[in-house]
């Protein structure tokens, strides 16, 4: 298996000209695209439609190039967008292609140590969730199952070879809340913006259960978005109103892969933790070898950084996730070298409270 | 002359408890306070009243402790607040005290090389400006004259020993615009928020002329906020609706000073320029010797960072200065060690376009 | 008893020049001021410091005029500010004075019908609340008791003669949350902005219990901010970080009053309910007799207005209270004639869900 | 000619289910659609992508139903979206259909008085503008020419029968500014958000010239967005980054039309001018006969409403257009009956300064 990736600048959420040019020049075969991960310049909240616009736009382009319908594109390519390009963050898409190479499989060996392999990825989706399942153990189980599927597809046997699991799932929109009301169902919350912690938390716990980081028995409905000592160190989850199911995009290294890249992960202790970023990247920035970065940003639980109060949690004008993304995005850029970084907000059950996951794809 | 400084956390713009405690404990003699520079948690725009609230609150405390009126405090202490604690920036005040020590004067010598001295500061103010003078050469001249005064007060002869000149001046409020209208006067702009570039630009050119960085003859009304190749490398200027005159607060090193601190300055090439910050600070962060940091943040003229588009200049929800402060504040914090940093926005005539001034006070 | 009121324009939260001029001209005797109610141009959220700034500024002015300390002013005058002048709403203060007139008391008769009397007001405060009491039945009881006190002071016997009860109480700030944590106490919520519904709800239920609109026995901790069929029709409550106790400002009509004003109240069915406003005001607008207006604004529970979806509840950029205040403020202005109206947000337990209280003071 | 219209609720900018249902039920023949005018729930600024998303979504639906390409839909249907549903405004689309009826033409007579006719509309577009033409007399002339074309198409001879001319044109995006730079061209401004007044002003003057409200000779480059005594009373113009040409959508009454509707226009004196709205609508609201409303909202030039200061022009968090739309939208809703109203911001050269155009389509 060979994974390749291209980072593409976007002039707007509807701008697909970068991918169009790559296809035109023969650098990307659209039939090999398996995933698109990117940042769009919305507010990142419940009324951020830049994600849906970008998805529709990329589906249209790829459908036209492949001569299939946009619906067919939707069923074969996983799109993950995070809204909010605060500070220096740059709107962009990273397009992943996958080509199967039967020969590579022969060299696969579970006996090899973790990290010896090359970049691989697997994609899996759950069924559509009912509104009353969002933020519950049902969602946890569905995601855990999808994680197993994605590992198989990525040809990863050892969970330690998994370095980054991006999950996108639904949040509770006013329409979904109304639907549950009509059917007399109880929801984890009735607040559209307030449903994000539950939605992100349940999918993160799904990754944790799927990778064995947390026991399934430890997860009940009332720990979701509350018992923050239960977590995954490699999950990065988001929630949006544009989908009903969960999409799992799992990255790791596999001896069965012959990609020109590998992936690493680390843990950040706060949004200005330059030291951990330097350790993770080593000399890759100096060699121009950083191919892509993925991180989560959040306010520290008490709103403090290095002992001083920040105003993230009390600001009624700008949401704390926006402050956090602005800060972390700038610090990563200052080290990794450019601002086309995937930094998204909300770390419920993604690392211990106050910590945040970060992953880097390195070019060999 | 001996300058001392204390950084104080603030729980709100009206919170003066930190200074009250220092006075109570005898660590600060309120009669020696000459300047207060700080960040408040407002939006940094024309309707940011956190600056006025903080000024009023500190004046009240100091007046009560000295047994004088708040007006008397206002006339002897220079208050400079920058609104906007985006990202990790922490609301705080840095209180500067000055004690005259006649002996120190004897060792003063202009023959000594720049930077051999210790921290000194001088304060000077202009007369109140008429609305029609804001953003004009009249303001430039008044500030240049005040810079000379402040240098004399700071006992600095060589402009190369000046490392940071903070100037606060008026912007055009709706009330001032109405006043000019009544008197039939023409203004540089009729837009309150839009007057900030002119107001900040004119005071920065005043510093440049005062320090000999720009020839007086080169400055005409129509270069202000337009001919950006004219600039000061050490000016940091802001504009607010709460004052009518300009206040110049000039920092440098002088052989006539016996402070336990010295000051340095540098130039940033963008808001994620970690390399320049590291060069400026050297091993001070490792030694815990960074006493205070002052920097300006701005969007790059074309909105790009390291070749990638940012959304600072097209964001209608969050002003570009807020994005820029969030980014630079986080990067400085990641190197200097804490977020109680004075980062303010708007760099008209403060360094070359795209560049930004930064200064650090180091404890010896 | 004679109540008089003056509405004063404010150029900023710190602008007290309007009241200074009234005192100077002898139109207001500062020793008779009992309450100041106004709108300030902040965001209305947890980081809105315009309210504290306005309070400090008015206290300073009145203290100087009376020759007492600001603390003494604070103990005798009730200040109520609502942040947020969205749409056309105008920053202003309404200053209430009260002069006792023993003769008026003789004509007092409880046999007279409701509304036969003239404007009266009473002020009462509770003790400081502990953080863990905010949003609980303890707060309900304290406010109910203060309502009884205020009625006595206003010389109102029949609760039907009460038309508007403004209560201001504390919300949970990060500092208060930290304090409770240190003492191991449980709070109704740990989210500063999220504590407002509880804080406003408990004080509204306190009014309802105090006026007999709701039975004390019906109020338990778990109905607060949840069982919205329990409510007062005349309460208007707000919560801010600048105070620890609750202040009750009760308005009604009394035969014991000889004011040139009377007060009425009504109920709005949505934020564009012009019909109810017209019924309430009658021909007062045409006669220029509207002296002051007070109303609450809120999003409808399902976000819909007249069957159409609004975006108030899903907007992550602008809080729904700001949308609601903008709408209702404009509609009232279009009928009553000017935008110096007290419209504040959040109607927990203030009228039935979807409804909002409104009161008008009419000049005779 | 017979014009019909349908107002359709939208759950998001990409929601076309309302139109799909109308087509499914046979109530709308997609081949007869000539224009779609609507409000989307973006911020209305340079980074509002909800307009482009809505256009793409409606083009896709109609293309699928007609069996043509989205590009063909774009060339035959005029889409006008205004971003920003502040206050109670509801996201919606009004879909206009036109069927030619040759018999109606016979009854056409220019001798008939204005307003005797029934609703008609004409559409015309200009060529693509170069960035350096945006906001100049070139744009004015192109639009004036398109207005004449649209009048012919609408079978209106007398400009007095024209009641509402919606024009959408380009603004200067960073990409266009960069393009002009590369070619060494001068622009009216280099600020993307700041180009809107020029872009809207030039198209409004184009309407004024086209309808004879302003002499062509009176319009030079330096009056655009400056000499505000030159204006059209029926123009409503907007600018967006999603198009390069100008689209003119002209509404009026014609004896050649047999529609079940007619159109009227009026002038508002401020955003709370209920009296003018009542005069315009007469008893239409009581009869449920208001089919659609179109209005422009703006801050008054001095920021004052009925003598009191508003904070629209000094608010750095919320743009003044958003305050103005919130206010006017609520007042119109309170009279006309529902919030699915097209209220857009910015009135450069659209009515005299401080005034705003409003139009209503009435069902007979």
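Chains here go by letter, A, B, C and D, matching the order in which they are written, and residues are numbered from 1 within each.
Keep this in mind: a residue touches a chain if its C-beta (ideal position, glycine included) is under 8 Å from a C-beta of that chain, and two chains touch if they have at least 3 such contacts.
Per UniProt, the chains are A, B, C, D = Cyclic amide hydrolase.
Worth saying up front: this structure is predicted, and the values here are computed from it rather than measured.
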A-D against C-D, pair bridged by the larger set of C-beta contacts: C-D
Farthest-lying chain, centroid of Cα atoms versus that of subunit A: C
Distance from subunit C to subunit A - Cα centre to Cα centre, in angstrom: 46
Distance between the centres, which are taken as Cα means, of subunit D and subunit C, whole angstrom: 41
Multi-partner residues of subunit C (each touching 2 or more other chains): 11, 41, 43, 47, 309, 311, 314-315, 317
Contacting residues of subunit D [partner subunit A, same complex]: 11-14, 41-42, 47, 49-50, 52-53, 56-57, 60, 174-175, 241, 317
Contact set on subunit A toward subunit B in their complex: 9, 11, 41, 43, 85-92, 271-274, 305-312, 314-315, 317-318, 322-324, 326-331, 333-335, 337-340
Contacting residues of subunit B [partner subunit D, same complex]: 43-48, 173-174, 178, 192-193, 302-303, 309, 311, 313-317, 319
